[in-house]
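Could you have a look at this structure, given as structure tokens, before my questions?
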Amino acid sequence: MAKVKQITAKEAAALVKSDMTVMIGGFMTNGTPLTITEEIAKRDDVKDLTVVCNDAGFQGVGTGALLAKGQIKKLIATHVGLNKECGQKYSAGELDLVLQPQGTLAEQIRAAGAGLGGILTPTGIGTTVAEGKQVVNVDGQDYLLEKPVHGDIAFIQGFVADESGNIRYKGSTRNFGYLMASAADTVVVEVEKIVPAGEIGPEYVETPYVFVDYIVLKEEA
Amino acid sequence: MEKSEIKPFIAKRVAKEMHDGDVVNLGIGLPTMVPDYLDESVQITLQSENGFLGLAAVDESNPDGKYIVNAGGQPAGIAKDGMFFDSATSFGIIRGGHVDATVLGSLQVAENGDIANWIIPGKMVPGMGGAMDLVVGAKKVIVAMEHTQKGAPKILKKCTLPLTAQKQVNLIVTEMGVIEVTDNGLVLKEINPEFTVEQVQEATEATLTVADDLKSMIDGSPIK
Amino acid sequence: MAKVKQITAKEAAALVKSDMTVMIGGFMTNGTPLTITEEIAKRDDVKDLTVVCNDAGFQGVGTGALLAKGQIKKLIATHVGLNKECGQKYSAGELDLVLQPQGTLAEQIRAAGAGLGGILTPTGIGTTVAEGKQVVNVDGQDYLLEKPVHGDIAFIQGFVADESGNIRYKGSTRNFGYLMASAADTVVVEVEKIVPAGEIGPEYVETPYVFVDYIVLKEEA
Amino acid sequence: MEKSEIKPFIAKRVAKEMHDGDVVNLGIGLPTMVPDYLDESVQITLQSENGFLGLAAVDESNPDGKYIVNAGGQPAGIAKDGMFFDSATSFGIIRGGHVDATVLGSLQVAENGDIANWIIPGKMVPGMGGAMDLVVGAKKVIVAMEHTQKGAPKILKKCTLPLTAQKQVNLIVTEMGVIEVTDNGLVLKEINPEFTVEQVQEATEATLTVADDLKSMIDGSPIK
């Protein structure tokens, strides 16, 4: 059976290099691997990241930790209103902010993971979101062509991993987990528990081990 | 009407739009008050766009408030027969027309159903979150809001703020009345008897057609 | 809590009307609600169906039962080689057969369920599959635009349903289940077991009750 | 070489292309023999396009052979750490480049990597099933087939049969040799020492460039 590599949060953070596109899972930090984001924010040598995350987390927490550290050059998100520092940095010209509808962003990430050329969505037609984007008409209705969003590395939070790297989530934390795991070259999952290979069971795996490169056990951090 | 009575009054009327078995997504603020006013015979399923159906208050489904949050990022619970899914599935359910109704506030609504509710003028743009998908995808879009903003009309001929979506609003419920968006413009279907039709029109930039069978929004009785 | 309607296989079959687009779940009958397809094939008054199914099942079984009865006007499938009657009817001009790549068909059904205007896939470019279809270029690469596939009614096989209508599958039977449930106006699921509402548990539901209109208990048929 | 030895011979050579940890999809027939020849140090995960990873023989994971079938519709089993998913997810994994290699037979391969393997001339078209997605999506497409069909070349300048996909084949393994598809055409990398380069070229319509370091496909020893 396959065996996934287990590393520490510090080692996970060391995988990030300046200028990378980093995907961070979670919705308002629910599903964000906070131990890892904290470690990334300790790195002085990492800057100019493009971060893909539903939001900016809270001030200093999750994606907000990287933001506070000044590591993010460009943020692709859907809602940043609950971290006022995000707005401040944007207003000060220190942050390139791309706001996308949440369903569009989720589907763009899925498209990257599923090898599709983009998505055709009715969402955003006739709004500023459509500016500069291709509109494709299908049977008389206009759809916005939104391109795939791919990551160099993704950090997500699971609940249980088995030793092969299969993942299960808890509660509403699954949000962007599977999607980002499918769409990034390197995938790191922070979990609270590691169980023997196969213990999750073939009918209960939510993210397959073939997507997962490293797991970090939360307690070890 | 006292200022503090306005929101419950609107929520109570919106509750009558809910049918037993409906899947509903409620925006923040006023819309979250709607379930308090449902008739006992009406059970609805609340969708939380961050990834589940069966949104509930924090309970034993989320004992430490840690693993389940609502679309506002606050601790929540889930109904016994609810279920979690990923964000693409969640918005597939929304965009695919599987949500019967969404209730949300708005800054402006135009007579053709255009809605503008994601950019507050002069403020930092917080982002549209799931709002654009919700108004495009939900079968029925119900705007629940105060009729005016500091006396200025919010129901307009044309929105002046950046749009959230084009031609998606179906119904507007305010403290003054219930307005349906039709192919022929806005139709005032019900009115709060505290106001006259003239007062409602005065508080509305767009032209209102008054329904032949205009009713009271409180008890449904005919208004002559 | 919600309560799904339980009906018999015969009642399920009675929901089918001539000229409907009928989705039938399963892959070579693995995941096909065989009790229901058998009942549909007993109906003399149903004809000219458009059937969407991965395949033609086996001769007289699953989609093959409707085919043998002569109820299918048009079949949208990915592989029909294991039911020789399908080839015979096609050669005899009695069947309109649309063959799509399996990944494309799955994604077209998903697109219908998810409110997307179609999919952009690299699969089929430069082949006969692309004939008459729109090609969209995204960042220098060509993708085929394949339109959503929607059903008037879908018949799928689950393993367990709870009384609300939540569904779990067993083994590899899940294949087209969720997808078709999301993409049809009326959805009927044949199951082997019905358990009290909520017994599946929010973290283990595979197809949510909001998609499911009717359940048929296999043993009752 | 005896006719009966050809398929095992090809499968044995293809097995050397597999790396520990690879996710592999195997076509029907010859390709399914590949796992028999894997080195003990190499563990691969088999993908079954109808919806799971960890394809295995029928075992206690599918006691009555009823709930798990392989991509040929035959009863199968699943590895302890394998997992099931729906068809859209399955082909997302395939199309998204998460399958390291697919091994499949072919009717024709062209020098630019075009492949034609889904329509058998003069026969009822069975359908492409998952083949088109697999050859487009897999990171490495390995064609494992007999070099000729009743003496007629199958490796051509241009396919004459309807294509399965354009420019997707990376490697061709036959009983005569191992041919890589490069931007500069076909390169004969290894040869079965039973044959001469001239014989291989003669059995091939497309022009072969012979690798400078041509090797034996049996033991990797240099061929001068």
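Which chain is which? They are A, B, C and D, in the order written, and residues in each are numbered from 1.
The rule is short, and it goes like this: contacts are C-beta pairs under 8 Å (C-beta built on N, C-alpha and C of every residue); 3 or more make two chains touch, one makes a residue touch a chain.
What you are looking at is a predicted structure, and each value in this text was computed from that prediction instead of being measured.
Asker: More C-beta pairs touching across which pair, A-B or A-D?
Answerer: A-B
Asker: I'd like to verify one number: the distance from the centre of subunit A to the centre of subunit B, where each centre is the average of its C-alpha atoms, in whole angstrom.
Answerer: Comparing mean C-alpha positions, subunit B is 30 Å from subunit A.
Asker: Which whole number of Å gives the spacing of the CA centres of subunit B and subunit D?
Answerer: 56
Asker: Can you give the whole-Å distance between the Cα centres of subunit A and subunit D?
Answerer: Computed from C-alpha means, the inter-chain centre distance equals 35 Å.
Asker: Touching at least two other chains at once: which residues of subunit C meet that condition?
Answerer: Residues 107, 110, 114-116, 121-122, 169-171, 203-204.
Asker: Can you list the subunit B residues in contact with two or more other chains?
Answerer: Expected reply: 52, 78, 84-85, 88, 91-92, 94-95, 136-137.
Asker: Which category does the touching pattern between chains fall into here: line, ring, star, complete, or other?
Answerer: Chain contacts: none of line, ring, star or complete; other.
Asker: Per the touch rule above, enumerate the chain pairs that touch, sorted by label.
Answerer: A-B, A-C, A-D, B-C, C-D
Asker: Help me check something: in the complex, which residues belonging to subunit C touch subunit D?
Answerer: 27-30, 54-55, 77-82, 84, 87, 90-91, 99, 101-104, 106-107, 109-110, 121-129, 159, 169-179
Asker: In the complex, go through subunit D and note every residue touching subunit A.
Answerer: Contact set of subunit D toward subunit A: 21, 23, 43, 45, 52-54, 61, 78-85, 88, 91-98, 136-137.
Asker: Which subunit C residues qualify as touching subunit B in the complex?
Answerer: 1-2, 110, 112-116, 162, 164, 166, 182-183, 197-198, 200, 202-205, 208-211
Asker: Under the touch definition given earlier, write down the residues of subunit A that touch subunit C in their complex.
Answerer: Touching subunit C from subunit A are residues 107, 111, 114-122, 134, 136, 138-139, 141, 143, 145, 147, 168-171, 203-204.
Asker: Show me the residue ranges of subunit B that touch subunit A in the complex, using the header's touch definition.
Answerer: 48-52, 62, 66-69, 72-73, 76, 78, 84-88, 90-92, 94-95, 114, 124-133, 136-137, 162-166
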